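Structures for review follow.
In the two complexes below, chain A is the common chain; its partner is chain B in one and chain C in the other.
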Partner chain A sequence: MTPGSSKWLSGKGKAIAPYVFILPPLAYLAVFMFWPLARQMWLSLTDTRLTNPNGGSFVGLENYQWLFDDPEFYTTLNVTVLYAAVTVVLGVALGTISALAINRPFPGRPLARAIMLFGWAVPNVAASLIWLWMYNERSGVFNDMLASLGLDRVSWLTSTHMAFSSIVAVTVWQVAPFVMLVVLAALQSVPDEVREAARVDGADALSVFRAVTLPHILPSLQLVSLLVAVWSIRRFDIIYLLTGGGPIGSTSTLVVKIRQTAFESHELGVASAYGAIGLILALLVAFVHFVTDRRRQKWMAQ
Partner chain B sequence: MPELTFKNLSKSFGSHVVIDAFNATIEDGEFLVLLGPSGCGKSTLLRMIAGLSEITSGELLFDGDRANDWHPRQRGVAFVFQSYALYPHMTVRANIAFPLVMDAFKKWYHLPIVNAVARRRLMKSPDIAARTENIARQLELDSLLDRRPASLSGGQRQRVALARALVRNPSLYLLDEPLSNLDAKLRTQMRSEISALHHKVGKTFVYVTHDQVEAMTMATRIIVMNKGEVQQIDTPEGIYNNPANTFVARFVGAPPMNLVPVTRKGRRLATSNAQAWNHDGELPDGERLIFGVRPEKLQFLAWGQGRMPAQVAVVERLGAETVIGCRLVSDEHGGTTNLVENDLVFVRISGNPRTKINEQCSLDYHAEDVVWFDAHTQTRIPVRAAAPALV
Partner chain C sequence: MFTRARRSFLTGAAALIATAATAMTLNASHAQEPVTLVIANSQWVDALRGKNLWNAVQQYQKVAPNVTLVQEAIPSAEFADKITTEMAAGQGPDIAMMQDGLFYTAADAGFLVDISKAVEGVENLNATNDHGVVNGKRLGIAWQRAVYALIYNKPLVDKAGAKVPTNVDELIASSQAVHQATGAIGFISRHQVSDLTGFFMDFQNWAYGYGVNWVDSDGKLTIDTPEAVAAVTAFKKMYDARIIPVGDDFPTQRTRFKEAQVSFGIDNSGGTLNIASGAALAPGDLAAAPLPFQHPGAHQQIFLGVSTHSKHQEAAIDFLAWLVGPEGQAALREASGPDALATDVPVTEAFQAANPWAETFAELAKDSRSTLIPGYEVQTTQIMRVVMEAVERVLVADDDPQAALTRAQRKIDAKRF
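Let's look at the complex of A and B:
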């Protein structure tokens, strides 16, 4: 360090420096996130309509009152929570299993990993269009296969009892590779010596996994579950492109509903209220993650 | 209680040979130390005994039975790792009890839910709980039983690792540099504790280290290895007094044995810097020799009183004793020419003499304290009368 540089960072400069560095991202977030968020919160308390975006007047909690009286709102909430839960469970399970399968070196591993990452690397819109074709009732791959097996054609995306599962399948296909990447990284940091110690102590492969590997990758599993859950709560493209929320609202999550309310019913106020509910849901998930994470750290340090 | 036999045991990774044709027998109840510099294959050997590394060729026999393909748990061994390898999310109690729980574990306990219940049940079973607490008391861990490894000090973790190895009462203990992560004081303490433990349990210990002090103080027998090859198998005294070659002579002892290349002409020995003196004892045949003598066997004398004129270069005062590093000088050239290798000859004397650097001095020795090596093969040449310890 030259005397000049230490002088530069002395006294007041040193005290101000951290704030100087924090300011640009803070300003960025304020303009592009906090301000729109605050405005949305405000909108949810007004009767603004899309036809006159600046003409709304304050109505208090009327929009929320209207939501809670509407049975469709509960369907939407149900679909959202169920969609998030199922994609987390299936996506994380599938991703973890593929990571375990690919963790040990074998001939052709790089190729296998590249293929398994495919679903994650393809842009969502492209992936949705590919699946749209495969699900097509007349000429899609799936129905073609069913027909060649002599089975009836299935309305993958247009029947109320199949649409949800079809959407979940695409989502899991898209999310599992990401889970695999994260879990793979965690698996590769499991210390070999601890695994070997368990083997010498008489543990078989399953016990080694349960006693050593699983606890080691658990924080990563939890983090990736949080990410997948939050992504599912705010996922729009796949659902909108495949079903648009239909049939009869069976795949209509909060985000799809926001678009419908805002741009088809022109109810900006109600749409904002939907948005607020979605935000609360995502924050709730993050909160659960935060609390369990803290508890585990405390528990480990005992 | 197995007797371990190695028959031409080899290990290679691809084309890289780590251990080449290792032959030895480890008897029951021995404290055998595998000593060598890092990368000499001693840890690999230990891992092959434990069943953690595959044997490339040759045979490993447990009491005469071929054990090459036995699963680690079949071998009934305990392993203490250099990093301790404790289970970080388990309490000290669960760590120590783990081998016992695994012994009592049945295949169907793997079912979900059953697993958690079974493990809790096993942990609380009177036998396992009693054995765990008993071992913990022996190693003074009883106050730490409900803590986790993250909150323990290095020495405490070391103890937990030992307890986990001891609890199953195996017949063979394998220790892979267990003290190298401890500070010097704790290391000395744990060294004597492990020795005491060996006396108490009376089982076979195989201990890997690169620290010759650990080897000398703990072992009943030492195998010195270098580059995957056995250099010498002997008791600590045998290794110290009669090293098989110059590698062993240099590796064991601190400071190591003084080795001076000399040329013999009749009874006269000449170093490469033209210093020469007459040797009074038995001499091996051959012209080019290496003259070896332990630092404590050399006499540190005033100038002109000993056969080897020298100059003090280093003085290390250790309190009870002093190690003096000298350069042999040639009086024929006015005492200025250094030894070609520029190696210092170390003398260890008791007390704390007033010796200054660059002081003129001389060294002398008794003929029976000298060990001779062949300058070409680097192996020791036995001399009948010169080394009574041999007989």
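Let's look at the complex of A and C:
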């Protein structure tokens, strides 16, 4: 290496090095994310059909108008928001409680942790098919248990008042272990001496949690809530395999509706409009996360 | 004059012979080129039947050794989505075996080539091929037509002393009688909109059985007719009788039938052959009867089509020409059970003897109807989604059949198909 090239490396080279490093991921995102996203937004403004994906004409906001005039759209939106909200509340609560339960050492903790992680480790499709059998009205294990207790069999997936709860249960079972893992990592960072000091000052367990533990794990809880909410908005496999969006649309989320509109009605334009609404919903969740995060930081600073 | 005329005749003849010889050489060289034809079919994944059908089509390689046939096996639930997406992207198989709904969609989108050359000189094409002609072009040839019948497990029905039903009340009574006597499931039926295509095609038997047409004489869609209300009411009565395994998808219900755990079902001949193939229920213990309705039922039709995106369209058409010829039809007959084929090839005596249920299907095929709505073939799935959602409201939410179908009619009128 000549002294000149060494000088170049410490001068201009240093200046452009970050851009060189950022270029590959940027190119990846541009090809596999931003371009498809832009294309989807464009498709939502056209009357493109699945059978002729390059032949649509520009129709402006007609697809959105059609959606807003359709009562089914509001049902779908309600189901999506409710599904995401319930999944976040139950998934994060259960995951946090589980993390607190296994945070302290006890005999068999590694085994307990492995078992509790099972739901997250099993592939969604395999898990959904197993749950499908467990929910089976005639020969499923849940109804066998109810029958052995002398209770009536339940239509877990085929009745409008049970189907939603059933898919939420599967989702929470799948999501909670991930939350547990994240919160557990956050709990490891809570200094023992601060907790000990609070106890010496006479704080009970609940007060220690509220005053010491919670502020430490709050950023992780916020982040994991954001992730679970966005995943719930775009979750397809569990819902599609268990109920297909039924009965009577009671579990039909935006993503299920996208599939139905694109592949049954072949209306790619309308399906893309559904997708755009889903994207707005996810961005809204991210915005709420951003605002609450800023508020939390201000509160912590005071 | 005579000499000149003779000379010009000889010159012309020589030119003709030379042209013919060149063409023959070209054809011969074309025929020798190695060609791979990809054939998409959901039936390839069927246990036993798929293997038998594949062995049948592979016999083509004896007469065309330069052609290699390759399967594109797609489960039926995903077949239409995948083929439509592939073809729309300019890809996909050379040849596809498509349910009639998908066939009309592909034809409407211009994904299929004219294959009239494949049937040139074939005198005995039967009526199953009629709908393969779209806008004056032959775009499809019948692969199989599977008619629906009432099927039952004879030993179970005999053991319970139950009657083979001829109407819905008897169907419910007999199903309950077999269940009480043997513990077997009374009846199997699709009943969930999550399996839309299968559900609406099976439901057409109930609709047609009660005289439903879905269109009037002017071609207007008629959903809330008294006949349709009667059909939905009858289906609801069956559903409420709790004779079907509610929540089970149809492959599971078929598997239960195969395992001799079911007494009655309404299924097509292809599905019935699947049930009768290689499981606990011996083919001789399976029986078939006319549907328990007043009017004839439905059939499912599968068409063969050649993709416009195929790079070997001529080779694909040559393959189809062989398939509708005597050799191809004979090979297909062996593997197709009682399904109607492109030509009238009778089932073998050996098959008939081993599968006594097959004869009923052949009889019912004479007046069965397509599951597609005449004049609305491409839109049938969308129209039937609205209808089946109304049916689901009746089944699950105890909605009134008349009110549910009236709302469906309004919805369909608003969509202006």
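Assume the second predicted complex is superposed on the first by the 294 of 302 C-alpha atoms of A that agree within 3 Å, B and C clash if a C-alpha of one lies under 4 Å from a C-alpha of the other, contacts with A are read in each partner's own complex, and residues count from 1 in each chain.
Note that a residue touches a chain if its C-beta (ideal position, glycine included) is under 8 Å from a C-beta of that chain, and two chains touch if they have at least 3 such contacts.
Note that the structure is predicted; figures quoted are calculated from it, not measured.
With chain A as the common reference, chain B sits beside chain C without any clash. When the two complexes are overlaid on their common chain A, residue A:118 makes contact with neither chain B nor chain C.
Judged by the touch definition given at the top, the superposed model places A:28 against neither chain B nor chain C.
Looking at the shared chain after the overlay, A:263 reaches chain C, while chain B stays out of its contact range. Contacts of A:158 after superposition on the shared chain: chain C is touched, whereas chain B is not. Of the two partner chains placed by superposition, only chain B is touched by A:196; chain C is not.
Of the two partner chains placed by the overlay, only chain C lies in contact with A:243; chain B stays clear of it. Residue contacts after overlaying the shared chain place A:206 against chain B, while chain C stays out of touching range. Figure legend note: chain B and chain C, brought together by superposition on chain A, show a least Cα distance of 39 Å. The interface of chain A with chain B does not overlap its interface with chain C at any residue. Chain A contributes residues 191, 193-194, 196-204, 206-207, 210-212, 215-216, 299-302 to its touches with chain B in the complex. Within the complex formed with chain C, the chain A residues making contact are 50-53, 135-138, 155-160, 243-249, 263-266.
Residues 50-52, 72-73, 77-79, 81-83, 85-91, 98-99, 102-103, 105, 110, 115, 146-148, 150-151, 164, 168 of chain B touch chain A in their complex.
Here chain C touches chain A in the complex through residues 80-81, 84-85, 87-89, 105-106, 108-109, 111, 185, 192-196, 245-248, 381-382, 385, 389, 392-393, 396-397, going by the rule given at the top.
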